[in-house]
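Across the two complexes that follow, chain A remains constant while its partner is chain B and subsequently chain C.
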Partner chain A sequence: MTAPDIVPDIPESTTNRRRRRLLVIVAFFRALPTMAKIGAAIVAVAIAVSVFSPALITHDPTEQSLIDRNQSFSAEHWFGTDRFGRDVYSRLVMGARYTLGLTVTSLLIAASIGTLIGLGAAYNRGGAFDSLVVWFVDIFMTFPTLILGVIIVAIFGQGLFNVGLAITIAFLPRIVRMARGVGMNVVGNEYVEAARAIGASTPRIIVIHLLPNILSEMAVISTLWLGTAIQVETNLSFLGLGVQPPMPSWGLMIREGLEELYINPWPSLLPVLAILITVIGLNMLADGSQDVLNPTTRER
Partner chain B sequence: MNRSWNFNRRSVLKGLGTSGALVAFANVMNPTLAFARQSGVLHVGLDGRDMGTLHPHVATAAQDTAVISSIFNGLVRYVPGKVSVEAIEPDLAESWTVSDDFKQYSFKLRHGVKWHKGYGEFTSEDVKFSLLNVRDSVQSTFRPIFSNIERIDTPDKYEVVIALKTPDPVFIAVVSGWQGGYVICKKAVEVLGDTYKNQPVGTGPFQFEEFRPKERVSLVANPDYYGGTPKLKRIIYSYIPDQTARRYAFVQQEIDIMKGAANEDWLSEVVNASKDKPLVDLLGPGRNVVIHLKRSVPPLDNLKIRLAIAHAINREDYQRFFGRVFEPNFGPIPLEYFGAIEPNEIPQNLLYKHDPDRARQLLAEAGFKDGLKLETVVSERGDYLGLAQIGKQQLSKVGIDLKLNVLDNASWVAAIIKEKKGSLVWSTAARYPSAETLIREFWICAADVTKPTGVQGFAEYCNAKLDTAYQTAIAAADPKERAKYFKQVQTILLEDMPSVTLGSLATPVLRQSYVDLGYQVKEGTTVLSLPYMYYFTEKTNV
Partner chain C sequence: MSRVIVARIVFMLAAIFVVLTALFFGIRLGVGDPTIAIQGTYATAESMQALREALGLDKPLWEQYLIYMAGLLRGDLGVSLQNGQPVLTQILAVVPYTLDLTVVGLLIGVVLGVPLGFVAAVRRNTKLDHVIRVMTLSGVSVPPFIMGYFLIIIFVIGLGLFPVAGGGELDEPLSRMRYLFLPGLSLGLIMTSYITRLARTTVLEILSKDFIRTAKAKGLDQRTILVHHVLRLSLVTIVTLVGLYATITIGSSVVIETVFSRPGVGRLIVGAVAQSDYMVVQGTIIFYAAFVGIVNLLVDLTYTIIDPRIRYE
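Right, the complex of A and B next:
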């Protein structure tokens, strides 16, 4: 991450690369506006819940106890039970793992592949590869992400892996276009010309010289899209195309609870709140990050 | 004036939030008046998305048959609330006689019955046209039921004589007002052609008025109805597939009658949330809830595995899940059906009660001491998915790991019928309440889905002994003899266990307290009503 203006001066003798990187991250977060800090805290909690969910659950999230169905909040079942008598708290926590784990992984893959393709197109501006990429991106961009996701799941079938694939493919053209645009700004820089002059290969120029210079912007953009990716995953699961029952995901939990919304709203309402809070947190973090990284807004 | 507008995400979100709150507030303060309660107009909320067809010889969907039952008549009909041969009473036929060999039925028709919309008088020609239309129609799935008709004679305008190929002591039920038994208008079919299915012409108390796609069908009173002018001016059937939306409309008294969810908690909540205490009726015949075990999927071809699955099932869990709507049953046929085997008639060794230890023992004897894995397809429809998820949990407790691949309902139907997919197939079928309907459709050799004649024999089961007992039963004139052989069929099914029956599900229907059906229905009891909706007669009123 390159954010030279917000990193404190560190004497050359006492810095090493790892420490400097850590300090850059710390400095970055310290420079964030308060709202973005709150957003970062929300995202951190969501990710922590997702990572440590097996240790956090109090019951098996798929275990039914029909004698205990639709119970309210209690010491035994913190968020009550659903219509099958399953523990809602445990399903919510495990749902975070499925929803966040799936979307983060899928988006990370889309971002990795998409950034490289976009940079390749930017470096080849006006060439055959660039034209081909732009052509494909234009076609895929005509589909809204959810529709594209539904089409992909319809082709490959339902299930965890295919929903991940759907999210990756749905976001790939958007990331390619963004990486191409951002890459255009750096591709004409002198250090790129210099690298070319000394005979560096195209892959080397892209990976060593271009990639590090757009990484921070791409990271922020990807974070912003994570909220949309969560919505796509929850929508697909809500439509019955994503995570398959009885395993929990937030979208599936909303769908399953709808039938008894008037009897026991919590199994639907709690995942709605979880999605709402997480997406708001992500948007707050992304907004703040943009403010810090964008030279025009940083000075305000 | 040069004024600049700056929008950012936060301001747009604030604006949207405020607008949403205002819209929600406006809705709360000014509920829709479009459905306001009207005197003489009955509003019915159906659970379907849209009309399929209103041709009675083709329609099978519940949202269509509910409407059809108010438009058409049969030669005979059931007393409202009952469905059995004993409950049959005259309708378009005033009287009938049966030959001693049960091969000829003669009907004297009612005089002066008028077809809707000026299509003239109802005569014996219409009866002949109608019955032959069902028997010979490739579109009608009811044609096998009418295939026994050999010849129809019409000696005069008001007499019909039906000759059968083989004796049928209960043929009178075939010409009752239901499905292929509804009489259609010959002249109207000739004039309207294919559009008859969307503009039906019948003889019933209400005539078709208007259809708005995905919204509603309306019927108006038939002033020439032979039973007298109906008290209701109009019936409006609205398509409200979402049960939460339907519940809201009912609680607001925007609809007077609605199909409910098969869930006692849900029904209680609606009753408690409503202003006037509405009434809940459980309409039958019950939907027989069965898990078919596909023989072509090893190790389901092993009887011990099938018996292990039967012992793994705990019917109490289903009772807890559905409440009073679900009635557990150990025999293959719902208890209110004619010829059903009662629990006390089932031999002890064939009464497969919940016994996980016995299930595990049977699995071990079959060579699956460490359990086994199965995979199947299931519909995403709430009742099927609920049944499958409970079943999965119960099987997991005895060591059977069942993977569920959830499909939308239409894809699931295609998967199990056309593509013969799945290992465990859930079915919830309701038919005319006599044992032969379910046996014919699910368990005789011709029903096997792998055969060209098969439609719903998902277990791919065939036992010649069962077929013989079934044929003997349906040929028997004496009801006791019929019942005896039907019970023999069910004993064979329990021995072979091609399918595990869990019980039956009633169809709950709710009515506002101010609705007068025109006949007495004892609240809370199972009312037999083939269209899964109340019969609306000339005496019905709001």
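Right, the complex of A and C next:
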């Protein structure tokens, strides 16, 4: 996807690159179907909550209080408290930071490394490096993301950092494959040949000439995985292999809350709702983006 | 044809070898320690050393690796570090439960998903289509364990119909099915959502093809077009991707088995990871790789039946 594909109506005279890029983004959002716009709004709220979470919380999310156990909604505790007397609202808000922050960061790392590897493979098309990359990708694609995650945890142990690592490694092969496919479309261009002719080195061609051309497309493609990545995080936390107590991650909150589901359902039900709304929002946005970016399927 | 099968099997073995080797060294150099898992954190250094020797973990890594690989060639997956039982026996004991679950999950997914996707595509942008789209979007967004708990709340707590935990007796079909119902349905509903979305997209793509316009132009009725032109063509893509979704199904089964406390390979691997039982982790990974490899092989074979143009020479 290059800019003119989505927005043919931006005048070529708009030479200011930054302004032009902004116009492309605005036009992209305008072109989204209504469902996707709602999705974008949900995602924007979720991101805002996770960015500003320290300012939004009313209590320390890990502070326990025996007298305040399992309270219902009140002015003091907006969403009540869990069985350790911790403020559910604050944990939910902080959980957004852990769950979203972790998955977004991990995917970002996977996307950066994966895009470079995939581009390198595309540039080396049919060569030894390319074959090796394709072979490794095929092998790792054999395993479901969750099972790859479990393997990573088996090797590196549990905890916040390792769950991030698990997500990065689990999605890396998928992103490499995408980047290779997208990269194939640009390596054949004349300016690549021209760059090679004037003696540009391979890393230079890849980073300076190829990368900018696939960056926006890869950014969108990587976002499409975010919903799945959140599921991997919550699933690992649910299995007890993810974020460890007392840190508040949505998956962990559900796991902890389930033990007292009959006494006080809210500490587990609220994070369930949070995950559902966020992931549905992400998937709505992803569906719509795909329609806009892929003109052949736009009719759908 | 046979060349494709051989190539598939060779790739599957290579995949197992690469991942197993990485796992073997990674897990031993990693943070987990089975002796602590067995003896607890208060064990003395001597007793831990003695246990390590008894388990063969004191040998150099390459020697352990050669011993393991030599055993593997004879079909011996080693014994569990935790309970001393042969890993193969442990896995084979729970494989039927996992296969039941994944097969039923995929079956429900295909039986409900393909017709739903078809209807949604043909009735595009009607109310029915919108309802199906919203439901399937929720279906792919819900983590499997949440789907499991929704069903438990409805069927067990609300209606009191099904047992909540366990796997039933393997040799009693009735009890086996009773215990399979809720986990199978959880997985099935999620797979239905994936497959419906896929079938809808596939059918829409075919409906926009030129030969459909030609068929309409020469006056064929809607029914003939749908059955003869669209359905048959869409099946090829759907079979391919159902093969792909078998991978998602087996991944989700890990979580579903935990929710319903159901015996299975997924519960085995999660327990083994928590206890650093290297041998069981290695064995279960072989099972998963083999499962996915066999599914891919079946997909390749199905092509030739559905699409006569595809012939493996």
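One rule holds for everything that comes next: the second predicted complex is superposed on the first by the 283 of 300 C-alpha atoms of A that agree within 3 Å, B and C clash if a C-alpha of one lies under 4 Å from a C-alpha of the other, contacts with A are read in each partner's own complex, and residues count from 1 in each chain.
The rule we apply is simple: a residue touches a chain if its C-beta (ideal position, glycine included) is under 8 Å from a C-beta of that chain, and two chains touch if they have at least 3 such contacts.
These numbers were taken from a predicted model, which means no experiment stands behind them.
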Clash or fit: what happens to chain B and chain C when chain A is overlaid? clash
Between chain B and chain C, whom does A:V26 touch in the aligned arrangement: first, second, both, or neither? neither
Chain A residues touched - chain C or chain B, whichever exceeds: C
Answer with first, second, both or neither: which of chain B and chain C does A:I67 touch in the superposed model? first
Identify the partner contact of A:G227: answer first if only chain B is touched, second if only chain C is, both if each is, neither if none is. second
For A:I263, decide between first (touching chain B), second (touching chain C), both and neither. first
Figure out whether A:F84 sits in contact with chain B (first) or chain C (second), or with both, or with neither. first
Give one of first, second, both or neither to describe whether A:L108 is in contact with chain B, with chain C, with both, or with none. neither
Is A:G240 touching the first partner chain B, the second partner chain C, both, or neither of them? both
With the two complexes superposed on chain A, say which partner A:D287 touches: chain B (first), chain C (second), both, or neither. both
With the touch criterion stated at the top, can you tell me which chain A residues are shared between the chain B interface and the chain C interface? 240, 258, 261, 283, 287
Contact residues on chain B for chain A in the complex? 9-10, 243-244, 247, 261, 263, 265-266, 269-270, 273, 317, 320-321, 380, 382, 385-386, 389-390, 392-393, 404-408
Residue numbers of chain A touching chain B in their complex, please. 62-64, 66-67, 69-70, 83-84, 158, 240, 244-246, 258-263, 283, 287
Per the touch rule above, chain A residues touching chain C in the complex are 136, 138-140, 142-147, 150-151, 153-157, 227, 231, 234-235, 238-241, 251, 254, 258, 261, 272, 275-276, 279-280, 282-284, 287, 297, 299-300
Touching residues on chain C, where the partner in the complex is chain A: 11, 14-15, 18-19, 23, 26-27, 29-32, 124, 137-138, 140-146, 149, 201, 204-205, 208, 247-248, 250-252, 254-255, 258, 269-270, 272-274, 276, 281, 285, 288-289, 292-293
